[in-house]
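Below is one structure. I have some questions about it.
We call the chains A, B, C and D, going by the order they appear; numbering starts again at 1 in every chain.
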Amino acid sequence: MHQHACPLRLDAGTRENARLRLLTVKGHVEGILRMLEDDTIYCVDVLKQTKAVAGALNKVGDLVLRSHLKDHVVTASERGDSDRIIEELMEVLKYR
Amino acid sequence: MHQHACPLRLDAGTRENARLRLLTVKGHVEGILRMLEDDTIYCVDVLKQTKAVAGALNKVGDLVLRSHLKDHVVTASERGDSDRIIEELMEVLKYR
Amino acid sequence: MHQHACPLRLDAGTRENARLRLLTVKGHVEGILRMLEDDTIYCVDVLKQTKAVAGALNKVGDLVLRSHLKDHVVTASERGDSDRIIEELMEVLKYR
Amino acid sequence: MHQHACPLRLDAGTRENARLRLLTVKGHVEGILRMLEDDTIYCVDVLKQTKAVAGALNKVGDLVLRSHLKDHVVTASERGDSDRIIEELMEVLKYR
């Protein structure tokens, strides 16, 4: 886990929004798990579902990223932790 | 759901392998849900986790894709359903 | 370069289509090179252009992929080179 | 093109670095164009090359993104244009 002198936190509204979306993602994964118990399931139907879940996860990521930009990245120079903020952001955006 | 004259099915071994991996994905999503109950959680720690889960989902997709190629795509010409097989594959590979 | 007993080739129509699209891609890259000679250019304007070119390249890739599926992948079982066809396809689709 | 009251510019070093890399990208595209004049070329060899060029373009994008974060994003709050900076960044990072 990350440590700042003054801790940076995900804002409460985004946290709740992300949590609700991830509950949906969890339900979707459970749906695919049920599909996979059916021995007549077709490969492409599974592929469509894993792709849809990955898309929903990316939306959660976008939500958190936007909140991070707003609350922590655009203020990094004021706070004096720009280098750290940039490094961790570049790392997390790699192959996104 | 997809219908073929002779139904195409995800092979049993891959289906079980995908199911086990998706159980891990589900556990990972539950882990992020617990993170999101912590009001001191840092945005980038959430982003790292959603990215890791998306990566794990892509691995499940690769597994199923490889099985689909082997069992259904390379034999499509013999079966006579090449057009359908190609269309659904191109659709599912878009923006992958 | 790849060798098959009986050589597999990109079909002439797709080859010409891909060539024309790549000429456009080249023109687009030259456009970005000119942008980069302007010392007042804004970062995000460059990012939009590199992203657009990557998108155009992916379209060329899709074109060639579709042709490959049609001419070589769906017939692999008949030809007897399924393993090789699947391996190289999985490799090229990785992180696409 | 983008307009700020006080214009934001890609820094000179990054601009030159991006230009040199894009010259290489252009050379790579010309190499694929030559490949495509060969009527014995194999689809997968083209796919490998378009994928490699897309990867090189993404590296140029990363370079410019890092420079943008450092010079313009972490200072947005000080400058007072955070909303605009965030919107254009989210747009350009979409489906990256």
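The rule is short, and it goes like this: a residue touches a chain if its C-beta (ideal position, glycine included) is under 8 Å from a C-beta of that chain, and two chains touch if they have at least 3 such contacts.
Bear in mind the structure is a predicted one, so any value in this text is a computation, not a measurement.
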Worksheet item: Are the chains other than chain A still all joined, and if not, how do they split up?
Response: one piece
Worksheet, complete the sentence: Chain centres from averaged Cα atoms put chain C and chain D apart, in whole Å, by 18
Item to complete: Can you check how far apart chain B and chain D are, centre to centre, with Cα atoms defining each centre and the answer in Å?
Response: 29
Practice prompt. Check each residue of chain C and list the ones that touch at least two other chains.
Written response: 65, 89, 96
Discussion item. Once you draw an edge for every pair of touching chains, what topology comes out, line, ring, star, complete or other?
Written reply: ring
Fill in: Complete list of chain pairs which touch one another
A-B, A-D, B-C, C-D
Practice prompt. Please give the residue numbers of chain C that touch chain D in the complex, ascending.
Written response: 1-2, 4, 7-10, 12, 15-16, 18-19, 22-23, 25-26, 29-30, 32-33, 36-37, 39-48, 50-51, 53-54, 57-58, 60-61, 64-65, 67-68, 71-72, 88-89, 92, 96
Worksheet item: Given the complex with chain A, which residues does chain D contribute to the contact?
Response: 62, 65-66, 69-70, 73-78, 82, 85-86, 89-90, 93-94, 96
